[in-house]
Amino acid sequence: MAKSTFNLAAIRRKAIDQVGVEERCARFQTRSIKTDAKKQGLKMALNMIDLTTLEGKDTEGKVRQLCHKAAHLHQGFPDLPNVAAVCVYPTFVKLAKSLVADKGIKVASVATAFPSGQSFSKYKIEETKEAVSEGADEIDMVISRGRFHQGDYAYVFDEISAVKEACGKARLKVILETGELGNLDAVYFASQMAIAAGADFIKTSTGKIKPAATMPVTLVMLEAIRDHYHATGKMIGMKPAGGISNAKLALHYLIMVKEILGEEWLSNEWFRFGASSLANDLLKQLVKQETGIYQSANYFALD
Amino acid sequence: MATKKTIPTEGIAVMKTYKIFIGGAFPRTESGRFYPIRDNSEKLIANVCLSSRKDFRNAVVAARKAQSGWAGKTAYNRSQIIYRIAEMLQQKQALFVKEMKELGYTDKRANDEFTAAVDYLVHYAGWCDKYVQVFSAVNPVASSHFNFRVPEPMGVVATFASNHTALLGLLESFIPAICGGNTTVVLASEDLPTCAITMAEVIATSDVPGGTINILTGNRKELLPHFSSHMDVNAFVIWDAETTESIEIGDLASENLKRVRFYSSEDEAVLSPRKITDLQEMKTTWHPIENISGAGSGY
Amino acid sequence: MAKTKKEISWDLSPAPESTGHVTIDKRYDLFIDGKFVSPTTKKYFKTVNPATEEVISEIALAGKKDVDKAVRAARKAYDSTWSKISAAERGKYIYRIARLLQERAREFAVIESLDGGKPIRESRDVDVPLAAAHFFYHAGWSDKLDYAFANTSPTSMGVVGQIIPWNFPLLMAAWKIAPALACGNTVVLKPAETTSLTALKLAELIRDAGVPDGVVNIITGAGETGKELVEHPDVNKIAFTGSTAVGKMIRRSLAGTPKKMTLELGGKAANIVFEDAAIDQAVEGIVNGIYFNQGHVCCAGSRLFVEESVADEVVKKLKHRMNHLIVGDPMDKNTDVGAINSKGQLQTIEKYLKAGEKDGFEMYQSQVAVPKKGYWCKPTLFTNVSQSSIISKEEIFGPVLAMQTFRTIDEVIDKANNTPYGLSAGVWTDKGSKIFNLTSRLQAGVVWANTFNKFDPTSPFGGYKESGFGREGGIHGLSAYLNLQG
C-alpha cells in the first residue's frame, strides 16, 4: 500500500441542519414535472440506471437474464435508451462483460467484502484487482463503517486510496452506507473524505439495510460534491442506491441534481440510480405519457 | 322462462357479533369465553366477550407498538383525529340510543348522554394543542441557563371505565390519556358493555392509528390483578373503584411504580385538563446562554 | 476522468393548476347580517389579477352608512345571540368553519393566487392550511378561557373592527376572525382593496357553517372605508395589520377613546448568519426569508448580516440559489416567486432599487426571464450596503435583500437592534449557547433560530417598537380580545 496522504485538517467538515434539509427535500417533491419535461426526464432516468442483482442466490442464469433486460428494456417503444450499467458480484464480471460490452453498457462490480466491509484490507484490495482484471469498468466499494465510528479516519481514508489505486482505469464508486452513519453531519464528512481519497462517485447505500437512499442524505452528498467542485473545479459523480422504486421519486431526485449541481450533471457519466424495479416503473410512465392510458405491470417484463 | 328473483324487503335481522378491539382489528377473545347481556324481559341482546389476561397482554403489546407513532404526531393532528371521532359518532345517534335503551336507559337519558359524549370529544379534541401551553413554563433560574419544563406522555395507560354508564364513562376513561400522546387499553363497563364495542367501530373509522385505543369487555375482578401488575403498563386509571379494589391495585402496581389514578363519577370535574396532565411526566431541560458582555442570569 | 461537458438542458414544462372547478362571481356585494347586500354608495371597484392585469371581478365599495349597518348588525348579534350561547357552542361553530375550509381548500388556494399574485404552491401548501389550522386551534379555546387566564374572569369585549392587508389575505382574515369569535366577540372586517375575494368567499363559507347572522360581517373598500370603521363609536376594539404609517394614524385617531387596539405593522428584520452556521440551510433560510411571497412579508428577513469570514461563500451560494428560483405565472405549480401585488407596490419597489443603485451598492438580480404582462420584480441582492442607506432603513416590501458583513456578536446585535422596527429576527449558528445569547438580546417580537418565517396558531406573533404592539396566536394572542380583571 502507498504511503498515507491522510490529513484530517484538510477534509472539510461542517454543520448540517437536518430539519432545514428535510424542508428543502419536501419542497423538491412539490415540483410538478409534466409533458415534455416528464418524457425527457423519464428517458434520462432510464439511461442512468445501474441495473443490479446482488443476491446470495445469484447464478449465471440470473445474470444472463439481467444482462438481456439491460439491453432490451421494452419492445415496441422507439428511441428507448439502454441502462447505464449492470451491477453484479465479482465472480460474474466476466460473463456480464461478454454480454453487454458491445451494447455500450458498463459492467460495475461490487468489491471489498460487500456489503459489510468487515474483512481484512488485503483481501479487499485483491478482490478489487481481480474484478478489474476480469473486465469491470467500475468498482462499487464499501467504506469501513466500524472503523469510522471508532474515529479511525486514517484507516478509512487509506483503504479508499488503496482501492482506488487497485482500480487502475476503472472508475471507483465509494459506498458510504449512510443508513449506518447515524446523522447528516457524518454523511457530509464521510463524503468529503471519500472524495479526498480518490472517489470518482460517491454512493449512498449497499441496498441491504434500511434506510437505503433517501432524499436528505442525497442532498447532503450533492452539497459535498458541489463544495468540492467550487474549491477545485473537479466533478464527482453521485449514485443514490436502494429505496427508489418509483418514477415520480426518481424525477424528483433529478430535479434536486439540477437545482443543487446544475444540468451538466444530468448524464450517466455523473449520476446513477442503483435500482432494479425502477426500470419497469419508468417504462410504465413513459408508455402512459405516450398513450394517455394507465398501465399494468403485466405488460412489462420481470427479469 | 325463469322467474325473476327479487331481494326480500322484510325478514329476520342479522344479529351482531360483539368482538373486542385490539390493534385496530376486531378479534374474538382468545379464551373463547362469553357472558350474556339480557334486557329487562330477559331477551338476549348480545353475547359479549369475556376477555382473558392473554387478550390484555396482546392489547398492551399493540398499545406499546403504537405509542411512539401516536406521540410523534403533531398536537394539531391528534386534535383533528379526536375531532374526527366526534364527527363519526354524531351521525350514529339513533344507533347508540337504541343500544342504550336495550341496556335499560330511558329515551331522555340516552339522548342526553349521547349529546354529552359528542361534546366531551369536541372539548378534549381542543385540549391536545393547548394543555402544553397552560402547563409548561420557562423557569427563571439563578444562573445563565435557559430552563424549560414540558409535559411528556407516560406511555401505555390501562383503564377501567366506570360501571355506571354505557358510553360517556367509557370515553372519560381514555380520551384525556390519548390527548396527551399516551396509548390505552380499556376495560369497558361490565354491566353495560355493548356501546363500548359499537364505539370501537366508530373509532376504527376515524383515522385513529391501530393500537392507540384498545377496548376489552369482561370481568373487572378477574382482570384487575393483571391490569395492576403488568410491568409494561406505565399508568392505570380506575373509575369508581371499590375500597377492596384500591388496596389490591396499589399493592400490585408497586412492582413497577405504575402511576395510579382513582376517579369517582360523583366528585370529578369532568372537563378538566388535569385529567390530561395526570398522565404526563414533567421534563425539565437546561441549556447555557452565553453572555459575552458579562455573566448573570438568563431569562 | 473528465470528458468534455455535453450540453444538457432540462427545462420544466408548464404545470398549470386547473381553475375550472372554481367560481368567481362577476360582482360581489357586502356581507352584512348574514346576507350579501348592495352598498349604499352604489359604487363598485375592480379587482385585478396582477400576473395578467385582467379584471377578475367587481367589489362593492362600502361607505359610512354601510359601515354603520355592519356595526349595528354585529352589535345586535353580540347582544342577542353570540354572548348568549354557551362557549362550547361558539367553539363548535368555529370548528365547522375550519373543517369547511379544509374541504374547500383547493378552491380558496386558486382564488387567492388569482387575486393576489402569490404562487399557487404557496397558497395551497401554506396559506390555506395555516388558515384552517388557525380556526381549528382557536375553536378549542372558546370554552377554556379560564385556563388561559387564571384568576381574571375573562369576558368578551363586544364588537371588534378589523382591517387586514393584501399580503396573506385569507390567512390574515383567519388570524383576526378566529380569536375574536373564540373569545365571544362579533366582527366587522375590512379586507385590503386589492385582495377582497377570499374574504368574501370566507363569508359564504361562514354562512354555510350556520354561524348566526351578524356575527361576522365583511365590508369591502379602501382606506376611507377603514377610516370609517376605526372612527365608528360603537366599536369596542380595533385590530389592524398593515403599514407603520397607517398604524400611527390609527393610533392617533383612537387617542382618548375607550377603544382597545392592537397593531401589527412593518418590519426590517435582521437575518444573521454566523461562521459556524449550517451554511447551505442558512442560504435556504435567507431565501425563504425574503424572496418567498415576493418579499411581501412584514417579518421578512430584509437585512442580511453575514460574519465576514464566510461572506464570500454565503453570497456565492445565495446567488446560485437565486438563479434557480422560478419567477412567473402564479398559477404554474412550479413557480417559486409570483407577481408583485399591484402596480403601485411595484413602483414603490422600483423607487428603492434606484435609490440603492444611486448609493453605489452592487446590485445582483436573479438571471431569470419574467413575463411581459403583469407586475414583476426579479429577486434582488444588494451587497456590502451600509447601515445608513435608505435600503437598509426603510421597509421595501419586495424581493430585495440588503446585505452587510459583521465581525463580532456584540457588533451584530447592536446593528440588528439599531432600527425603529422590531418585528422579527433570524439567527443562524450551530452553537446552542450562542443562539440563546442572541435570542435574549435581539429586540424583536419573534426570533427564529436556524429557521425563518415559521408560523403556527399556537405561537404568538407580533412586534416590538414601531412594528406594533399586541400578539396574535397562542394564549397571548387571546388576551387582545378579552377584558381581564385583576
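Read from first to last, the chains carry the letters A, B and C; within each, the first residue is number 1.
As a working rule, a contact is a pair of C-beta atoms (placed from the backbone, for glycine too) under 8 Å apart; a residue touches a chain by one contact, two chains touch by 3 or more.
Predicted model only: the values in this text are computed from it and were never measured.
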| item | value |
| --- | --- |
| Per-chain CA centroid nearest to the all-protein CA mean | C |
| Longest centre-to-centre distance from subunit A, chain (CA-based) | B |
| Mean-CA-position distance for subunit C and subunit A (Å) | 44 |
| Whole-Å gap between the CA centroids of subunit B and subunit C | 40 |
| Separation of subunit A from subunit B, taking each centre as the mean of its C-alpha atoms, in whole Å | 48 |
| Numbers and ranges of subunit A residues touching at least 2 other chains | none |
| Per-residue overlap in subunit B, given as positions that touch at least 2 other chains | none |
| Interface residues, subunit A side, partner subunit C - complex | 14-17, 19-21, 23-24, 30-38, 40-41, 44, 171, 200, 223, 230, 234-235, 254, 258-259, 263-264, 266-267, 269 |
| Subunit C partner contacts - residues on subunit B that touch it in the complex | 75-76, 79-80, 83, 87, 119, 122-123, 125-127, 129-130, 133-134, 146, 271, 273, 287-293, 298-299 |
| Subunit C to subunit A touching residues, read off their complex | 1-3, 5-6, 8-15, 121, 125, 276-282, 284-285, 316, 324, 333-334, 430, 450-451 |
| Complex interface listing, subunit C residues touching subunit B | 88, 91-92, 95, 99, 133, 136-137, 139-144, 147-148, 409-410, 431-434, 436-437, 440, 457-458, 474-475 |
